[in-house]
Amino acid sequence: MIRCEEIGWEIEGKTVLDNISIEVAPGEVFGLIGPSGSGKSSLIRIMDLLVAPTSGRLWIDSTEVSAGSTDLVALRRRMGMVFQRPAVFSGDVYRNVSIGLGLRGERPHSARQLVEDALEMVGLTGFGPRRASTLSGGELQRVAIARALVTRPTVLFLDEPTANLDPLSTQVIEDVVRRAQTDLGTTIVMATHNLDQGQRLCDRLAVMATGRLMQTGTPLEVFYRPRTRQVARFVGAENLVDGTVERQDRGVAFVRTTGNVLAVAVHEPVFGTVTVAIRPEEIVLSHDDSCRTDSPNHLHGRVTAVESDGPLVRVSLDCGFPLVALVRRLTYLSLSLEPGLQVCAVFDPNGAHLIART
Amino acid sequence: MVNEIVQGFIQAVDLIVSLDPEVIEITIRTLVISLSSTLLGTAIAIPVGGIISLNEFRGKRALMYLVQTLYSVPTVIIGLLLFLLISSSGPFGSLKLLFTSTGMVIGQTMLILPILIGLTIAALEGLDRGLRDTLVSLGATWSQQLIALLREARFALLAAVAVGFGRAISEVGVAIMIGGNIRGFTRVLTTAISLETSMGNISLSLALGIILLVLALVVNFGVNLLQGGGRR
Amino acid sequence: MVNEIVQGFIQAVDLIVSLDPEVIEITIRTLVISLSSTLLGTAIAIPVGGIISLNEFRGKRALMYLVQTLYSVPTVIIGLLLFLLISSSGPFGSLKLLFTSTGMVIGQTMLILPILIGLTIAALEGLDRGLRDTLVSLGATWSQQLIALLREARFALLAAVAVGFGRAISEVGVAIMIGGNIRGFTRVLTTAISLETSMGNISLSLALGIILLVLALVVNFGVNLLQGGGRR
Amino acid sequence: MIRCEEIGWEIEGKTVLDNISIEVAPGEVFGLIGPSGSGKSSLIRIMDLLVAPTSGRLWIDSTEVSAGSTDLVALRRRMGMVFQRPAVFSGDVYRNVSIGLGLRGERPHSARQLVEDALEMVGLTGFGPRRASTLSGGELQRVAIARALVTRPTVLFLDEPTANLDPLSTQVIEDVVRRAQTDLGTTIVMATHNLDQGQRLCDRLAVMATGRLMQTGTPLEVFYRPRTRQVARFVGAENLVDGTVERQDRGVAFVRTTGNVLAVAVHEPVFGTVTVAIRPEEIVLSHDDSCRTDSPNHLHGRVTAVESDGPLVRVSLDCGFPLVALVRRLTYLSLSLEPGLQVCAVFDPNGAHLIART
């Protein structure tokens, strides 16, 4: 559908995108994920042919765009784009949605039905005669999606479509995106800095940071098997412990770290120096004297800090190395966790993951 | 002393209400000349401003700066320049435009062209950047982009036209130097007010002054209204 | 034909380079009159604009709208109004200000006062609202607030002063109607250019035109520079 | 320190604040918490004497401000305010911080030392000669705090001080707020929409919604004993089940709901119709056949939806009434949770809470 080969983009001497190669398959929802400034928006603008990359090659379907002499307008008419902040044209919602049809010379009569279908799709049936400037941010973003979908694009690009919206509008827009995929079969490429949203909506994710592609994979792969320390931190596997693989046995690697041997589930043989990534919410704390020493990963540690973190409590431990656990409030209260207390931290070998060190 | 001013005012109002032929004639000539230069200027400024605004090229900033600088060229400089070009010894002397209303239209067009172009550019640049990105992403050709963006900027463009007309109708430098205040031929509101006053025809001056002031304020009111419309 | 224009230019440059007494005298008088009206106008506009901007009162919006509307009053209207007031039969006739440079200063001050007040208000309103809140929260008295805010707006205020000066120096309506272009007494750049041109003194007109153009452009350049400084 | 008595504020016919009575004790960190539009900012502006309330009485120390004829400038000089978006004066950081001292006629010589102390306090030692306009958002907010603290106010107001900042800058600013309380003894009133931040920093919280005060109390009280359904939802106790108290026994109330009897820990006698509030993260899920029927609150339910929610998984159940549970990913994987599955949901009587119905 869309193929980027070693795409690079520089502006005013600054490298915004560095050697990006990805391929989006027809019909999938593909997510570009990463913190702001990672180059997601630039990449999506390049794929929508709004700007030309400074290097690399780009294919839309089987047309190589970068070869020059391509009719960009014709290609753009097969794609749709929803920007982070929707642009509002003067006039009513009907005009805002029908603009793309007008540009293609569609007759007003046939356009009306298409616009009404698009408005129904985004849950704005009957909004046609409303002045666009009177709508809320969430409604405007849905108008922008209807405007892009009304021309039945084969690919829909979304650049942080819910970045400035309240949770309710966000949910509505996520539903629309899901329906565009299932009902219309639209291929969707979306940029988001929101990991949850990426997981909820996308078939595959490309994690970006500072203009480079860090990892591509399904949400589960990215979440559970981050390939670099950077991705691990981004997906919240914030405990990163360095060590050396001692031996492997039936899918479990034993990693020697400072003072401990940690058991970690592996899916392929690993050797040498590695980093163990442990998600803080996979760590279970208990009283130091009730430590189940028969379980593989039991660490003794001293609480150094306790902080509230949304519905959970973030407990920082010193186990020879720093370790952070996220526990439920009831656990926090029943263990009377407070700085200085000795506790036992246990995690399942399946709750951790190995990152090869390079 | 104040009495005489009041007297003048009463006579002035009388001249307006009784539709004094000379007052009517000067007013109509003024409107025709200023409207002509505004239309001519707009016809040039909108495409030129549109091309400057929608394209990226080297020296664009310098060009926009130049256009803005030309806003403040004094009217007498435009008058002097045009005088040199169209006086009998100038390169366009054979066209015999000096002391004609056509010459005045050309002069006023030269005077207001920079601000018309500048405000056209400002009107387009003042639009949400996202509008153009959206149009491009929807597959608009270059000319479709220009038309759609001019439509979005229509209030600001109309305000620009009104500003140009207001300048043309109030200026006195070009009118006096190129028109020459010839009675029944090139005399307009500003030149008549300026010269009749010193000749002591206070009631005529006042009548024309009231008309000019009303016209200027109506145009200004229109500009404000249009700028408000653009903001809404 | 073009030759004669070139000839005129050469003579004009010669008049400037040789420091022709009449050219020098007209230029200096113009600068003195325009600077005087600008200073007088600024001295009135900054406190008046500051008071309007920093206070909330009924009719504030209407007042600001009125000030803005007065920007576009044609120069000949100001000239006519002042003429009525100071002509021998007017209420201030005894002051004998007609056809004096003092009269011209008063007229130009009237002309530029609205824009000076308006731009002062705009300069203060253009500041981050948070600045004033911060000053109030830090315990600033009303006058401390005004002084601190004028300081923050200093670039925009200087630009406003330059705009006023540019208007005063380029206008011809007030100068001709109140000054009267009396040689050696009230003749300024614009009136001299306007009337000498029609009398055929092209080289003098051109010399004065070049000087006026340079002055206008330098002022405009200053305005742009100051507005840039305000933005930074 | 500060006392608001029945404060109301209307603007353009709209009621922004309705009958607010609170009292801030000397030396405490008092949090105004609530969603945007709840009136927090307006209340803080009234307390800082930036606007006058339309009704009610206000005392700063023992001075009644609303009595009129008070020297507001003198009172304001004893308080400091940090706005959500810091205002930047032209010139260097030194000038920005010293403005309040200048307004009080402080000599430049003695001012310099005070400014340097204040900059050190916010971790910007040596920033004095930097142009303020070149600083980052987080640095500017610290300059704004230094500007407010340099005059040694007895009360410091903070209006959403970290709303637009990245996590790192937020942490730095929270540290500064804590130090202002402990090192300088400053009384602090802060508005925040961030519940976590309120919990981390504040001794007491006032929960606001649509201009009204919903509840005042310690973070723990607000979090664990929300007094209204609205507060309960705001603090994340989203499971709200209506019922009637059947009997009470040794600190546990038994509440009859549709089809079940729920046991809830109570701290004072309750009677009649109540709402049981259960935090979703306190609900433990297990296989339906391994349900520990001896435990008090075991509910059988069918999974209706499963969604990723940050580090946890949000599981919606139908137990006769809708119930939402937040579980760890490992639980989610090991139970193979998916729509249609029958599960057992258990929660501890201490993990729930009763709200009296009115």
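Note that the chains take the letters A, B, C and D in the order they are written out, and that residue 1 is the start of every chain.
Just so we're on the same page, a residue touches a chain if its C-beta (ideal position, glycine included) is under 8 Å from a C-beta of that chain, and two chains touch if they have at least 3 such contacts.
Remember, predicted model here, so these are calculated numbers, not experimental data.
Colleague: Going by average Cα coordinates, which chain is farthest removed from chain D?
Modeller: With centres defined by C-alpha atoms, farthest from chain D sits B.
Colleague: Between chain B and chain C, what is the separation of their C-alpha centroids in Å?
Modeller: Those two chain centres are 21 Å apart.
Colleague: Roughly how far is chain B from chain D, centre to centre by C-alpha average, rounded to an integer in Å?
Modeller: Measuring from centre to centre gives 59 Å for this pair.
Colleague: With chain centres taken as the means of their Cα atoms, state the distance from chain A to chain D in Å.
Modeller: So the centroids are 29 Å from each other.
Colleague: Which chain C residues sit where two or more other chains touch them?
Modeller: none
Colleague: If each chain is a dot and touching chains are joined, what shape do you get: line, ring, star, complete or other?
Modeller: It is a ring, because the chains touch in a row that closes back on itself.
Colleague: Identify every two-chain combination in which the chains touch.
Modeller: A-B, A-D, B-C, C-D
Colleague: Show which residues of chain D lie in contact with chain A when the two form their complex.
Modeller: 195-196, 199-200, 219, 236, 279-282, 307-312, 326, 328-330, 333, 348, 350-351
Colleague: Which positions of chain C touch chain D when the two form their complex?
Modeller: Spelled out, the residues of chain C in touch with chain D are 128, 130-131, 133-141, 144, 148, 151-152, 232.
Colleague: Under the definition above, what is the set of chain A residues touching chain B in their complex?
Modeller: So the residues of chain A touching chain B come out as 48, 50, 73-74, 76-77, 79-81, 83, 85-90, 99-100, 103-104, 133, 144, 147-148, 151, 157.
Colleague: Once bound in the complex, which stretches of chain C touch chain B?
Modeller: 1-2, 4-5, 8, 65, 68-69, 71-77, 79-81, 83-84, 89-91, 93, 166, 169-173, 176-177, 180, 189-190, 193-194, 197-198, 202, 205-206, 209, 212-213, 216-217, 219-221, 224
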